[in-house]
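Shared chain: chain A. Partners: chain B in the first complex, chain C in the second.
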Partner chain A sequence: MKRVIPAITFFNESVFVTLQFQKRLDGGDLLNSIRFFSESDADELIVSFPRYRNSESNSLLLKSVIETCFVPLNIAGVVRDMNSATELFGLGLDKVSITLTSKNINLMKEISSRYGSQAITAIVKIDRTLDLTTTLLADQLLESGAGEVLFIDIAKDGSGSGLDLPFLEKFKSLSDKMPVLLRGGCSGYAELGSVLNLNWIDGIVAASMFSCTADRQSILLNYEREMWSNHDL
Partner chain B sequence: MSEKCGRTMICSRCVMDDTDTSIVFTQTGCSNCDQALLDLENWKRNEPDSNDFKEYVDQFRFNKNEFDFVIGLSGGIDSSYLLHILKKTNLRIQAIHVDAGWNSKIATSNIFKMTERLKIPLKTIVIPWEPMRKLQIAYLKSGVINQDVPQDHLFTTRVKKFAAQMNVKYIASGWNYSSESILPTSWSYSPRDGKQIKHIAHMYGVTKNDLSKLEIMTQLSQYYNFNLRKKIKIIQPLNYLNYNRDVAKELLTNEYNWQDYGGKHEESRWTKFYQGVWLPKRWGIDKRKAHLSSQIISGQIDRQKALNMLNEPILNELQSEQEFNFIANKLQINQSELKDLMFASKISHESLKGDHLIRKIRNHL
Partner chain C sequence: MNQILLMDYGVGNSAKIKQVLEMKALNVTVVDFKLEDNFQDYQTLILPGVGSFDGCMKSLEASGNLDFIKQAASLGKRVIGICAGAQIIFESSEEGSCKGLGIIEGNVIANQQTKNVLNVGRKIVKFEDSNYSRFSSDRFYFSHSFQLNPVDKSCILAKTSEGIPAFIKKKNIYCIQFHPEKSGMLGIDFLSDLVLESLVN
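Right, the complex of A and B next:
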C-alpha cells in the first residue's frame, strides 16, 4: 500500500507553510493541524521542528502533539540523542526522522536496534551540486538501520511546481534496499495520483499541497483520499 | 396560546417556551412566532431557475469591480448552498473563510471540495490562536450568556474588511428566514458590540498586545469604515429562494460529496459545545427550540416532529463529556476550572460596559 503523508512545519509559536523551508504563510495552531490530519485518517503525519530547543514547555508541547495525533506520527528535527528518543517513544511516538550524516549514523543505528528499523526514517536532503553516488548512499543507508529513506528536494519546497522526477530517478535503485519516499514540490492531487503509480516510489510526502488552497495563497487544510485514489495502489 | 409541558409553558403553535424569559403568549401563539409570521412576508419563495430570482440576481451584475459578491463560507449548509446557487447564476464570486480555530474537519473539507470543484477563488484568514484562546477564556469568566460573541464578531468584521479591501460592495450571507426567523433577545446579544469585547478582555487579563492582534472593532468604527466609506451591504439571497434545508442537503451531498456535521452550526466545534453543553447545562436553554420554531412557522417541519426531536438531548452524556474535555484541553484550562466556570455567577451583557446607546438607537430604527 502506497502512502500519502502530509508534512507540517512548526516554528516557535505557529505552524508555517514554507518556501524552501523559510516561513511563508502562518498556519496557526499546531494541535489544530494535527487534529485535522488525524481526523482525515492520513496514512502518516510528519511534523518538523526546525530550530528545536530542549525546554520544559517544548517537552509538554511534544507530549500534546503525540497525544493529539492518532495516525502514525513521525517527528523530525527533535531527536539528537538517545535520551530524547527514549522519552518520545515512551510517550507513544511512532517514528523519528533523522538526517543521514556521518555524525548521526551511530544514533540512528542505536535507535534502530532498540526500537526497530520501522521507527526510523533517514532524511536525505537533495543537493544538486553534490555528486553523490547511489552506491555510497546505499551503503550508508543500510549501515544506519533506517527502515526507509525520504528524499527532500529543498529547492522545490513550497513551490507546487511538480516533483523533479527526472532528477529524483537517480535514486531509483535504492528502492531495492528499502522503501523510498519523496518530498518537494508536489503540485496537487492529479500529480499525486500519477506519481504513486511508479513502482519504485513507496510514498509521497507533501506540505503546501495539504495546507493550502490550490493557488497556495491561503491556508486551507485538506486531505481528500478520493481525489487521488482512482484505483488500488 | 400555550400549554404546559412538564414545568414549562410552551407555545401551542411553535415550540418556544418560557425559557425565553421575555416570551409573551398570545391568542395566536407567542411573541416569537407572531413576529416571525410578519417577517416571513418578506420571504420570496422563488425557484432558482425562475425569472423572479434571475431578476433579483441581475441587479448585482456587471459592476466595474473585479467581483460581484464576497461570500463568507463556514462549511455549513446555508453558505454552501448559497455558493452553489450563486455560482450557477454566473455571478463573479470571491469566497472567504475565517478560521477562528474551531473548524470541524468536515466543515473544512466541505469548503475545500466545493471551492475546488466550482473553481472559486478562496481567501482564508487564520485568526491568531493565542490571543483568541485568551479572549474566549475571558468571556467564559465574565459570566455573560453569549459565548459566541468572539467568534461571530471576528467573522463579520473580517469578511467586511476583506470586501472593503477588494472594493466589493455586496456580501452574500446565508442567513435565511426559513430556519432563522426566530431568535429571542433573552438568549443572545449582538456580536457587533466591540466596545464590550474590549471591556471584557481588559477585565479578565487579555493584554493590549494580544487584543490588538485580534483587531476588534467598535460599532462606530464598523459603521464608519464599512457603511459610510465603502457602502458595504449584506444581502441574503436565500430569502429570495424557496429554501429548504433538507432538499439543499441532498443536493450538496450528491453534487459535491458534501458531508453533514450534525446539528445546526456544529461546523464549529466551539458552537457544538456552546449549544450542546454550555447553554443547556448552565442556562437551561435549548437553542434548537428557536431553529425548530422557525422551521415550523416556515412550513419546513411539523410541530410534533419538532417536539419529538426536542425530547432527545442535543448530546448524550458521553458526547457531552467528550466535548467538555475537548474544550478544556484546547483552551488549555483544567477540566475542574471549566466546571467551576460553568456554575459561576451570571451577569447580563446589558449590565457590562458596551455600546448600549448605539444598540438602543439601532433597535429603535
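Right, the complex of A and C next:
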C-alpha cells in the first residue's frame, strides 16, 4: 500500500507552514499538530527541525514529540551522531531522515547497521542546476544503508502548484533499489490520488496540503484518508 | 499477583510499548539486567526489538537476560515478541550469523514477496484464527526486511495480503511481526488484548 505522509516543520518556538522552506504561516503548537495526525491515523508522520540545537529543553521536547505520536514517526534535522540516534530510537522513534551527503554517509551507515535500513530515510534535495546522474545517486544510496529515499523539491515547497513529475521521473529507476518518496508542491487530494497510481512512487510527503485550506491562506489541519484510499493502490 | 514484564535490553523501543499498555491501564514492569529482583510470579514477558537480528542477540547476551527469556518460555509464561524481538525467538536468521533463542523451530528469511526486500508501511493483515479475526485490517505498520519462517506452518495465524507472516502463536509463545505500538488504536488494542488474555487465564 502506498504511503501518504504529512510533514510538519518546527522552527524553535512554533510550527510553520513554509514556502521554499522559509516561514510563511504560523501553524501553532507542535504537539497539537502531532496529536491531530496521530489521531487521524496518518500512514506516517515526518517532523523537521531545521534550526535544531542540542539543549535540555529540546531533548524534553523531542521526548514529548515521541510520546504524543502513535503512528510511525520520522524526525529530520536532529540526529547528527550515534548518541542522539540511540537516545531517540530508545524512546520509540521509528526513523530518522538525514540528507545524503559525503559528510553524512558514515553516520547513516552506522545507524543502518545498528537499527536496520528501515530506520533511515535518505533525503535528496532537488537542485535543478546540478547534473546528478541516477547511477551515482544509486551508488551513494546503497552505500549509505538507507532503506528509502525522499526527494524534496525545495523550489516547489508550499506552492501547491503540483509535483514536477516530468523532472522527478529521471529518478524513476531508483525505485528498483528502494522505496521512493516525493515531496514538494502536491496540489491536493485529486493529484495525490493520481500520483499514487504510478508504480515507481511508494509514497508522497506533503506539508501545506495537510496544514492549510485549499487556497493555502489559512491553517486547517486535515488528513482525509478516504479521499485517496478508494483508489486502486 | 498479575505482572507484565517488558524486557529492556538496549535495542528495543520498550518506552513506547510501556506507554501504550499503560494507556490501557495495564501496569508494566520494565526488566533489565540492573534489577536484582527475582521475578517468578508474572504472567507475561514482552520482548521488543528494533534493528538487526545479530544486533538484538548481541545486546540480549550482553544484558544477561537471555536465560531469563528461555526460562519464561519453558515455564509456560506468555512470551510476546515484537518485530525483531519476534525474530530472535527463532533459531537463526539469513540476516546474520548469530544463533537465535531457538524457542520456536524455524528460521528468519529474507522477504521475497515485496517489490523491494524492505516491507515498510501499513499493510493488510487477515487473521485466520477466530479469536483474533476482529483485528483484520489494513492499518498494521510493518518495517522489516526479513520474515518469520516457522517449521510448523499451522502456527501462522495471520499474514499480510502479500503472504508475509504477521502473527504466529506456538503454545505460549506469540510473535508479532508488525509494530502494534505504531499501528494506531487498532494496534494498541491488539497488543493490550493479547496481554489481557494472559491475565484473565
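In this text, the second predicted complex is superposed on the first by the 232 of 233 C-alpha atoms of A that agree within 3 Å, B and C clash if a C-alpha of one lies under 4 Å from a C-alpha of the other, contacts with A are read in each partner's own complex, and residues count from 1 in each chain.
One rule holds in what follows: a contact is a pair of C-beta atoms (placed from the backbone, for glycine too) under 8 Å apart; a residue touches a chain by one contact, two chains touch by 3 or more.
Being a predicted model, the structure only gives us computed values, none of them experimental.
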Which partner, chain B or chain C, touches more chain A residues: C
Touched partner set for A:31, first chain B, second chain C, both or neither: first
Which superposed partner A:153 touches (first chain B, second chain C, both, neither): neither
Contacts of A:214 with chain B and chain C, given as first, second, both or neither: first
Which of chain B and chain C A:191 touches, first, second, both or neither: neither
Which of chain B and chain C A:116 touches, first, second, both or neither: second
Those residues of chain A which chain B touches in one complex and chain C touches in the other: none
Chain C residues within the chain A interface of the complex: 10-11, 13, 15-16, 19-20, 50-52, 55, 84, 115-116, 118, 120-124, 138-139, 141, 143-145, 179, 181-182, 184-185, 188
Contact set on chain A toward chain C in their complex: 1-3, 38, 41, 43-44, 66-67, 70-73, 89-94, 113-119, 147-148, 175, 177-179, 202-203
Chain B-touching residues of chain A, taken from the complex the two chains share: 13-14, 26-29, 31-32, 35-36, 39-40, 213-215, 217-222, 224, 226
Complex interface listing, chain B residues touching chain A: 97, 99, 101, 103, 105, 108-109, 111-113, 115-116, 121-124, 126-130, 257, 330
